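Below you'll find a set of structures to go through.
Okay, so subunit A shows up in both of these, paired with subunit B first and subunit C after.
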Partner chain A sequence: MKHVLAMLLGLIATTLAAPAVLAQEEQTAPYAYRQLDDPEQEARAHDLMVTLRCLQCQGQSIADSDAPIAGSMRSLVRERIAAGETPDQIRDWLMERYGDYVSYEPRVTALTWPLFALPVVLILLAVVLLRRRFRSGRAAA
Partner chain B sequence: MSGTGQDKAAKTGRWMIWLPLVLFAAFVALVMIGLFRPAPREVASTLIDKPMPEFDLPPGLPGRPGLASADLKGGEPHLVNIFASWCLPCRVEAPQLERLAAMGVPVEGISVRDRTADLQQFLATYGDPFERIGADDDGQVQLALGSSGVPETYVIDGKGVIRYQHIGEIRAEDIPMILEKLEEARR
Partner chain C sequence: MIAEFGLAALWLAAALAAFQLIAGSLALTERGEGLAGAVRPVAVVQGLLTAIAFVALILVFARTDLSVKLVAMNSHSMKPLIFKIAGAWGNHEGSMLLWVTVMSLAGGFVALVERRLPERTMLATLAGQAFVSLGFYAFLLISSNPFERLDPVPAEGNGLNPLLQDLGLAFHPPTLYLGYVGLSVAFSFAIGALITREVGPAFARAMRPWVLAAWIFLTLGITAGSYWAYYELGWGGWWFWDPVENASLMPWLAATALLHSASVLAARNALRAWTVMLGVVAFSMSMIGTFLVRSGILTSVHAFAVDPERGSFILVLLAIYIGGALTLFGLRAATVTEGERFAPVSREGALVINNVALCAILGIVLFGTLYPLVTEAFDTKVSVGPPYFNPMGAVFFVPMLLVLMVGPLLRWRRDSLARVRPAIIAAGLAILAAVIAVLLVGGVGVLPFIGLVLAVGLAVASVMPLRGRNLRRTPLAVWGMVLAHLGIAVALFGMASESAFSVERLVALREGESATVGPWTVRLDAVEPVAGPNWTALEARMTARYKDGGGSMLLPQARSFWAPPQQTTESALKTRWNGQLYTVLGGESPGQTGPGRWQVRLWWKPFVTLIWYGGLLIGLGGVLALIGRTASDIRRVIARDKIAYRRERQNR
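== the complex of A and B ==
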């Protein structure tokens, strides 16, 4: 109860103070909070949005984030999907500007290949070790 | 003969027994370094030394010119400041932009996700160093420029090529560096 009261007071305080202290960040991008009319296009846009990183919050995808810049990015994705661009083209366009950082989809690069190679190396090592162990076991018997 | 061979095997065995622990310690050390090293919070544009993307923004204020990428190809380097009235560090930066403008540096503005009335009030309160202000209300030009926040300031050379991106507010101590970047852009 105390908690709720404090929250209410805080809410009242911020709504009273906000106009005087700081102008609000406006979100006028048309598709920030509006889905595309074509459900198939919206599904494609959404699949892309969950793999793109919000530039300000950095721990969230633009599909999850309520940051205004994430709204701008969602609108960008939806507008471009509606205009007929493929998700890969849009991802490439963003990566051209923000680097690998903006994408959550793992890629094999000169830096990341060990991550992909290591499991294979470990499995091979395990196979070699196990074979040696079984062989020596049979030789002893 | 066979005895020494067994000794050798036993010795390597004794040494090998420590290997997993050593590997584990190395792994823990790696994780610790990753955990405690401060992660970079800034996302830099990868468009440096590339031409400014094409854009044509409507004016942010009635009666004042908007900003188009064509305006930045006049042969002289420009500063393009990404700002907004709702952005607190932009207020900190405002006097430095005025200083640069007073030195004769053309300063252009792109206001992001802003309202005309808020913008007018901001400029009246904190000063207006801008030659032109483009209103990027839906934030699409900001994304095209590879900008991830406000304020950011780009140095554009006379041919419209992005030469430098300053992330965060320009402080008094940054002015010599900004002037140097402008001088480099002139070459």
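== the complex of A and C ==
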């Protein structure tokens, strides 16, 4: 009996609460769940969205999240793309506002350069390792 | 009672692990030789005791014994039985108990069946296994006791995170843990061999099946986890470079490298120090992964234990084990020579490139995952995600794939590319055809383009080792290699195709309206409320038609769980041979678009299923290789025993 009641309550909650939230969201973020009409613009917006972090969620991009803030950010990205801004301008604006954390694409800064130096170091290391290995191999043979 | 019984079994097992460490170490000395006979039985009993403790935990969860704190925190009487049981490991304490259980069962199993190595190396190995286990027993018993009681007993439990209430996820962690912890065997073998200085082909042959088994579980676990994220999170993404995913990828990369270098060591007695090093690194990656996930140091969906005390505990364990093993390696590496030499163009040469590339990718993933912690120390939060990992990984992945196309065809020691020219030409032609085909389709980004083209080339190249062989008499291990490499091509094609050709449609539909996505037309027939055992949902009835074909019904749901209260989307998928239609029901959409409309998200993802079929092929290849290698080892052992027996009789 208790869980029948709970189930009913749950049912009411789903049918009532969800639209209320959505209605509010729709006014502030019209493009959270709506694509731009121009497929070329939408593609550009999408490519940008997958590289932006949803600040409320954990480890998801704004293109992969149901969180309200991800919805607002999607809407913001689409509106700005439609207004003619480039993805880089939008990213810079967001990074200025929310910090570097918002972008999955780290910038090269005084703090993050090792990230970009690493592949170079690894390549050099690999070359040195392979050359030493094979050269001494030839000498022995 | 059951909980106390489980806890007692766990303490006993910990005590036995201590005994196993002491007896195993003493047995290596002259005076302690008498203890040698005790080590193997103790390891087996220790494994059984942890299994008992684990069964006890499953029992208290199955009965929803709310007087056990862990059950009250993570379970609920209304949950379906299967998720009650899966809930036993869907939390911090339970998953650590699973970790310890797998580790000591693996140790017990090694003690029971492994007879190929000199007994001294085995003793050192089992002592090493006990040494590693002890730390985790301490962690479990001191800071994460899963059997702790709760007083007063609450009327109801808190429930399990609804995202985790899914069959795929119920069996994902145990599979992955079998892989993670299976690598502890390789770690212990490496330590054992370093201590007794017996690094050679016999060591590699003995270690290989264990690594292979762990690697199979890791492969399947990662594949299953990726598919779970894909259909459960409701946005069609299948890999996020999330720290937790990286935590499972890193041991896989190391184990893959180890598998290949162990082959070189077994066949040619080369790459000796390197193989031992990888044995240490592989399990270290498992431990680092566990640390990242368990300590909650990197915020992520899976980090359900945000607890600094536990974090520092695991960090200390990491320092002891990884630091200790590397010190031992440093001390002994000088005495372990690299072994036989070989030319650059040879099977070994190709495998060395495979190893270097895999390790470089591992370095990128590890560094990229940990770097945000470094910048946070300087008060700047940065995110490292797909735009970093994809291209940086590709820098090493692409050359590795190119080498993979010819490597398996080369002979050991010294070979020439001219000898394998027909195979190179075949792969080259396949690549050329793919380049033309993809260019004709057009609009494909750089990385997906490279992926598609190389996948086609590799698919052709991967079956070349079968050319000119009698297929019936081809060893299982060769079949395994071919299948696994083909699996890489298949999975890569799926990944590249998904990112190149996916079509997304977000629409607001009234009942009776249709939308098109790619070649599909999807009609929203109705939206109705439905109820499950511990959730209620809105369910959309959709009819999907592929081009002019017949309609098939799809039933995506928007679910609301009430313990704990949380919304999830249950996507509905329609699979065809050439891809998957992915449908999601959002909420109702009033406002400017007018009332009575429903948010619907649709994707057409061409060939996306190949990602996971590829993963399964890789795992299947591993299984075939494991069967083949083990069977030939058993035959060898039987033959050796027979010879020994005959000699004995002749001498008599």
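Keep in mind that, in the parts below, the second predicted complex is superposed on the first by the 92 of 141 C-alpha atoms of A that agree within 3 Å, B and C clash if a C-alpha of one lies under 4 Å from a C-alpha of the other, contacts with A are read in each partner's own complex, and residues count from 1 in each chain.
The criterion applied here is as follows: contacts are C-beta pairs under 8 Å (C-beta built on N, C-alpha and C of every residue); 3 or more make two chains touch, one makes a residue touch a chain.
Note that the structure is a prediction, hence the values are computed from the model and not measured.
Colleague: After lining up the shared chain so the two structures overlap, which partner does A:His46 touch, if you call subunit B first and subunit C second: first, second, both or neither?
Modeller: So A:His46 only meets subunit C here.
Colleague: Report for A:Gln58: first if it touches subunit B alone, second if subunit C alone, otherwise both or neither.
Modeller: After superposing on A, A:Gln58 lies in contact with both subunit B and subunit C.
Colleague: After the superposition on A, what does A:Val102 contact: first (subunit B), second (subunit C), both or neither?
Modeller: A:Val102 contacts both subunit B and subunit C.
Colleague: Once the structures are superposed on A, label A:Thr28 by its partner contacts, choosing first (subunit B), second (subunit C), both or neither.
Modeller: Touch status of A:Thr28: first partner only.
Colleague: According to the contact criterion defined above, which of subunit B and subunit C contacts more residues of subunit A?
Modeller: Comparing subunit B with subunit C, the partner touching more subunit A residues is C.
Colleague: For A:Leu115 in the superposed arrangement: first (subunit B), second (subunit C), both or neither?
Modeller: The second partner, subunit C, only.
Colleague: Just to be sure I read the superposition right, which of the two partners does A:Arg133 touch: subunit B = first, subunit C = second, or both, or neither?
Modeller: In the superposition, A:Arg133 contacts subunit C only.
Colleague: Mind working out whether A:Gly84 is in touch with subunit B, subunit C, both or neither, as first, second, both or neither?
Modeller: neither
Colleague: Would you check which partner chain A:Ser75 touches, where first means subunit B only, second means subunit C only, and both and neither mean what they say?
Modeller: A:Ser75 sits against subunit B, while subunit C stays out of touch.
Colleague: I'd like to check the shared interface: which positions of subunit A are touched by both subunit B and subunit C across the two complexes?
Modeller: In subunit A, residues 22-23, 26-27, 30, 58, 99, 101-102 are touched by subunit B and also by subunit C.
Colleague: In the complex, go through subunit A and note every residue touching subunit B.
Modeller: By the definition above, subunit A touches subunit B via 22-30, 32, 55-56, 58, 68-69, 71-73, 75-76, 94, 96-99, 101-102.
Colleague: Which residues, counting only subunit B, touch subunit A once they are in their complex?
Modeller: Residues 41, 43-47, 84-86, 88, 113-115, 118, 121-122, 137-140, 142-146, 148-149.
Colleague: Hey, which residues of subunit A end up touching subunit C in the complex?
Modeller: For this pair, the touching residues of subunit A are 3, 6-7, 9-11, 13-15, 18-19, 21-23, 26-27, 30, 33-35, 46, 50-51, 53, 57-61, 63-66, 99-106, 111-112, 114-115, 118-119, 122-123, 125-126, 129-130, 133-134, 136-138, 140-141.
Colleague: Under the definition above, what is the set of subunit C residues touching subunit A in their complex?
Modeller: Against subunit A, the touching part of subunit C is residues 78, 233-235, 237, 240, 242-244, 299-301, 303, 341-344, 349, 352-353, 356-357, 360, 363-364, 367-368, 371, 375, 378, 380-388, 392, 395-396, 414, 504-506, 508, 529, 531, 535-538, 558, 560, 562, 567, 569, 586-593, 599, 601.
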